[in-house]
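Read from first to last, the chains carry the letters A, B, C, D and E; within each, the first residue is number 1.
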């Protein structure tokens, strides 16, 4: 049995503040999320079938001034706490204020919104973390005809390295396709990340289950309840994503090419599989809770039976020896030569009969 | 750990009287709600991109006599218990009697109704209150082409100050948009208010959860049950709102401009998020109830084990000393010089063996 | 605390016989419902904007021979056990045999059926009754172009007096509108009656809840279970009604005027509110059951702790005094001058230590 | 209280073999169901408005050679285990092999299938049986333009006698209508049979409920669990029927005349009522299980309280008498003239105080 | 009672690794599934109404080079771990890379995808296995106009022998129909396999249920929980299949002939029946869990009652004999000649009264 990590997942994960925004006009940019002092990192990759340009920035610039013809430009912004930067960027590209507002407000539900010139997609990026649970951050995507903006919270690094190296190496179809294929590749990487989280989770379930069979204790219960909470959080993160990807699969927007629809169908399939697995885990955890509770009842029953057996054997015997401890003047048995021995025999026989009775009743 | 506030939310919140209306013809105005002696306050704000006029009234007047051209007039009525006033107002503007009836009957479900010339919207305004729960009142909105009437119960002050100051200052787009945008701004403010309530609620959940882990008692149970009731009330208040706002988002009425649709989509998103959070809280509270119940079973089990251990150790020993308290004439052990000491040794060994046995069984 | 009425609602309400009809051809009239010897009462009200005629009958007649021009005739039949009368009436007006069959078979689900020339509506009329529960009877409505038939079981009086007096006094719009408005007015009166029943129910819930907090006992449980059954019955009576009224609101039949659609929307709203309340009560009752069960576990736990404390204190002490009740020849302590007092000290100290231990464990 | 029949409904009802068909090509006729040696009975009734012909067969014949003009022919086959007969019949009338396969495979779900020339309908016929449960068999109907085939398993007799006598007597409309009306009449008879089963079931629920209130024991539990299983079976049998009858009500097939649609609507209504009742029973049974479990907890609580009271009164007293049974040399109380009486007073007072304490705590 | 097999179904079945694929571009072929060293077996059957050709391969070849005119070619590949082979095959026939990816990744949900020229179908093949549970493998089908590829994991042999022999013998319609009919025949064989698994499962349920009634123990609980998990897995495997087959039934693709639609409707029906059975088993298992838990409560109650009876009888008696074991100087009863006998009488009467009392209370 592996060394178990204790999950003391409190409900804090579910209670992020967003009321500080109350009373502000729509489109007001207020960062809601973990505070960060890190400098915002901006990396731009422009690519075409025959070339690629990469640049790093720490401030606003004209990223989309196309590095080469027929190219796709991917601007990745790591850190959304610098509200000024986001606002400038938004004005430069005429993004709707509500889009910018949602980018800096990192407690969005996954969703997709069609603004005509561009699609705005929000989803959650999950990564297994060391404490056995997972970390979660918001990723916002703006998909234009030949550009793609991605906004990460930048807490724990992204899962896009594989996509970057595919662009750099020129392997696969990615360099020959449009920005919508890039969006697909990123979303696919994120959904793949869900599988990693779920696998870690599945292992934890198997561990706790094993433990539950061997030595069920209060801690197992806390583990189960903790995992149930994580599952609630996972559901919240993934269910709405399904709807969003279904929009991409239907391909109602002109920004989506027919050739990428098949790929979105594939990632849709994966999302459904993720949801399936989450629901399964929920069922398994409910089963484990049932198991825990009935094990508990069972053990209480065991304990009770033990006490009852001990009590039922010794209470009558104690009564008997009490009888012959009485000081009545006239108690004939006391005078018998072998009274003491006879009593022992009586007591032992009584005890044995009781044990036999309990055996028959399966209490022993 | 913070000082806990006890929630003794009874079910009274769910049982407002409305049967006093039985038997009256439709459109009869009968105030249903908390009694109030406060004078009704009427405030009128007329605004256009280039100007604003504010006035206060305590009685009926011709509010809509437009203060300036191309303007929007917002008439806010605080207090719906003055049935006469509502009736006069309704006749002046030819509002349907059923609309007036719903305004003064403050136990409506959130809804939207299209009367052609105007939209009638009912929703519930929630505010965190000091006793840790929240207060709730009905807000009715009549949205016309260039005017907006809002009817509050006027129990605890509204959440519209931010909107008023945006109108006064002329910041943002509000002065340049129509009455539908004003409706949006107010609804948005109300939905923002839900987030405040939910955050307070979330903190309470975290508190009670912590307490539950440390010292689960009957009071925690009452807290959980009380919070469950609050969640039921919240669901009742917010679920139908979603449908109503979805109507506004679709923009089927001529009173809604295309440019505000995006904003209604935004507030729709927030409503869904509110619902999501409510459902999550419901799940968390169910989990807490499970935790409480199984902790209870666990403690009963602990108590039983303790009793069983004590009983199992002392019942046999008491029997033994009873044996040598008997008065049989012939009991050889009693004559032995070191009988007493031997018995002590026997008893101590017996007790130690039992303790070892219980250790092995993990009952100690 | 109010004097509590005990609900011993058995499940009899759910098991009305209707198998006596088995094997009969469709359209065979067989009365299913409570037996009655009362004479059937037939009252006819004909009204037009400028006049009203009322008549009472005890037998079949030509009720619709119009008392004045442009009038609406409302024929109210109290008692459906006189199968012959219903058949004659049906033949006179050419109602479909299946309609007549449903009228006398008083275990229908609420429904609406469009027969072209007339609409057939079935619903349940609920009235709070003295034993704290409610009584229920079937009301069948046949709505024609200018007439309206209502068939009551006639068990406990109807709730239509308010409608009658509105017709008589000529107040409101009722005299100026058609038969469909009359149907609306009656249905509205019935739905208003649901609110009365629900309010009484709500008060009962609050009462039982209070009691549950103070002295939970087996009787509270029976109250909760009894109320749950009532809620099941209410749901059964009201859910299908929603669908029926939704048909009226859509106004697909020529018998329904556009001007009454708004009113049917209003009564639809009320029905939804009734359903909402019923669902809320269901949730509250589930919460109360949880509360009851965990209170019970809690009390068992309390009792166990008490027994364990008493046992743990006295079993060792009884053992100790048993020791010095033994009759060994050689027991040095017995000879000590102050042995008895020392033992008392030891026993009292032991007991105090145990009490302290239980205090620490919060068992005392 | 009536004599209770014990339901030991095992789950066998749910586990009929049908894997013996695995690997056979579609349309292979294999009888699945209870074995039977009975000779297949074939009865043919041909009728027209002005006449009727009845014949009995034991083997295949040309049943449809019309006995009179404009007539409807109803061929009723009792027993589907004679696979050869079914095949011959099927070939004679060119029924699709899949239809024949479903007829002999008696574990079908209720369904309707449109084969153009004829409709194929499968449903389950339920009959109350003597052991308090019900028996169930499959009825397959083939409805053609002017003929109707019915295939029964023939285990326990059908419920069609009332239909037959209506045809024979010529009462009602049945002789004047087509084969679709005959199908309606049969289905109606079957659905009426469901009501009989449900009424018997409802009485059983009331019985067990009563018993549960008086003397809840393990047997009541088995009754409840057994009835829950029956309800599961009933749901399985009736839910899909609703869908099938809804097809008939919509009347999409040319085989269904407009004039019978009203009748199918009626039987649809009845089916919905049956489903309603089944769902209600399910809820009632859940409530009874709750009641049983909490009664059990309650009784455990009672028992515990009793033991605790007895223990708490006698353990201290036994300790006290133990004290004065000690053999210390120096125990002054023993020498007192009235020591013995004083002790009795002390013990009685102690016991009375404890009883008072338990009274206050409501444990006695 | 049959010899019971213990199900220790852990949750491992639900946690297959697929994260090794993370970061790879779409269409990358990575085998996910059980490792295998077996050589891939490829068998090709070409058939036409008047002839059949069978061949075996161990490597890639031009399988579709048609063996005879108007024929259908079925290529069955057993083993999908040889990624190179799959890739070559895919390129040869221009299958989409995503299709190939799904074939080698054996943790797909059942689904159907329309690629225009061919349909891609994934489903799970279940087979009862010896340990009482079932084994499961993925089957991928590519259905073209005149060919059919099937890809099995090849773990435990397929269930297609019956189909093969029907092709060989030329019995039934199979040789005369197209590739879509072959697809039907295979899917039908698989769904038939589900029935075998379900029947084995049903027997297990009946066994465990019986055991539960006789001797409920912790092992029964593990059996129930284990079977619940299996049911979860079955649901996961079958629910999505329904949707896929519904696509085939609707026949939207040109690859599906009208004449096979009836057959797909038949297999659709079977799938619905499988789902029905699975849901029923779920309900039965829930009922068994309820039964187990309440049996447990019941037995705890029994044990408690026993202990209470024993305690209540012997504690007072022990007290009594303790009284007369005291050493007070002045205890008149001790001097009485028949004191000892009187006490016995008192004690026996007391005991009998208590027994009578417990009888009345039904504790004995």
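Basically, a residue touches a chain if its C-beta (ideal position, glycine included) is under 8 Å from a C-beta of that chain, and two chains touch if they have at least 3 such contacts.
All values derive from a computational prediction rather than experimental measurement.
Peer 1: Considering only chains that satisfy the touch condition with subunit A, which of them also satisfy it with subunit D?
Peer 2: Per touch definition, common to subunit A and subunit D: E.
Peer 1: Please report how many Å separate the Cα centroid of subunit A from that of subunit B, as a whole number.
Peer 2: Centres of subunit A and subunit B (C-alpha means) sit 26 Å apart.
Peer 1: How many Å are there between the centre of subunit C and the centre of subunit E, using C-alpha atoms for each centre?
Peer 2: 43
Peer 1: Residues of subunit C that contact two or more other chains, please.
Peer 2: 293, 297, 300, 304, 307, 311, 315, 318, 322, 325-327, 331, in rising order.
Peer 1: With chains as vertices joined when they touch, what's the shape: line, ring, star, complete or other?
Peer 2: If you draw each chain as a dot and join those that touch, you get a single closed ring.
Peer 1: Residues of subunit C touching subunit D in their complex?
Peer 2: 10-12, 14-15, 17-19, 21-27, 96, 98, 107-109, 111, 113, 215, 218, 221-222, 225, 228-229, 232, 236, 289, 292-293, 296-297, 299-300, 303-304, 306-307, 310-311, 314-315, 317-318, 321-322, 324-327, 331, 333-340, 343
Peer 1: For subunit C, which residues count as touching subunit B in their complex?
Peer 2: Contact set of subunit C toward subunit B: 159, 161-162, 166, 171-174, 184-185, 188-189, 192-193, 195-196, 199, 202-203, 205-206, 209-210, 213, 262-263, 265-266, 269, 272-273, 276-277, 280-281, 283-284, 287, 290-291, 293-295, 297-298, 300-301, 304-305, 307-308, 311-312, 315-316, 318-319, 322-323, 325-331, 362-363.
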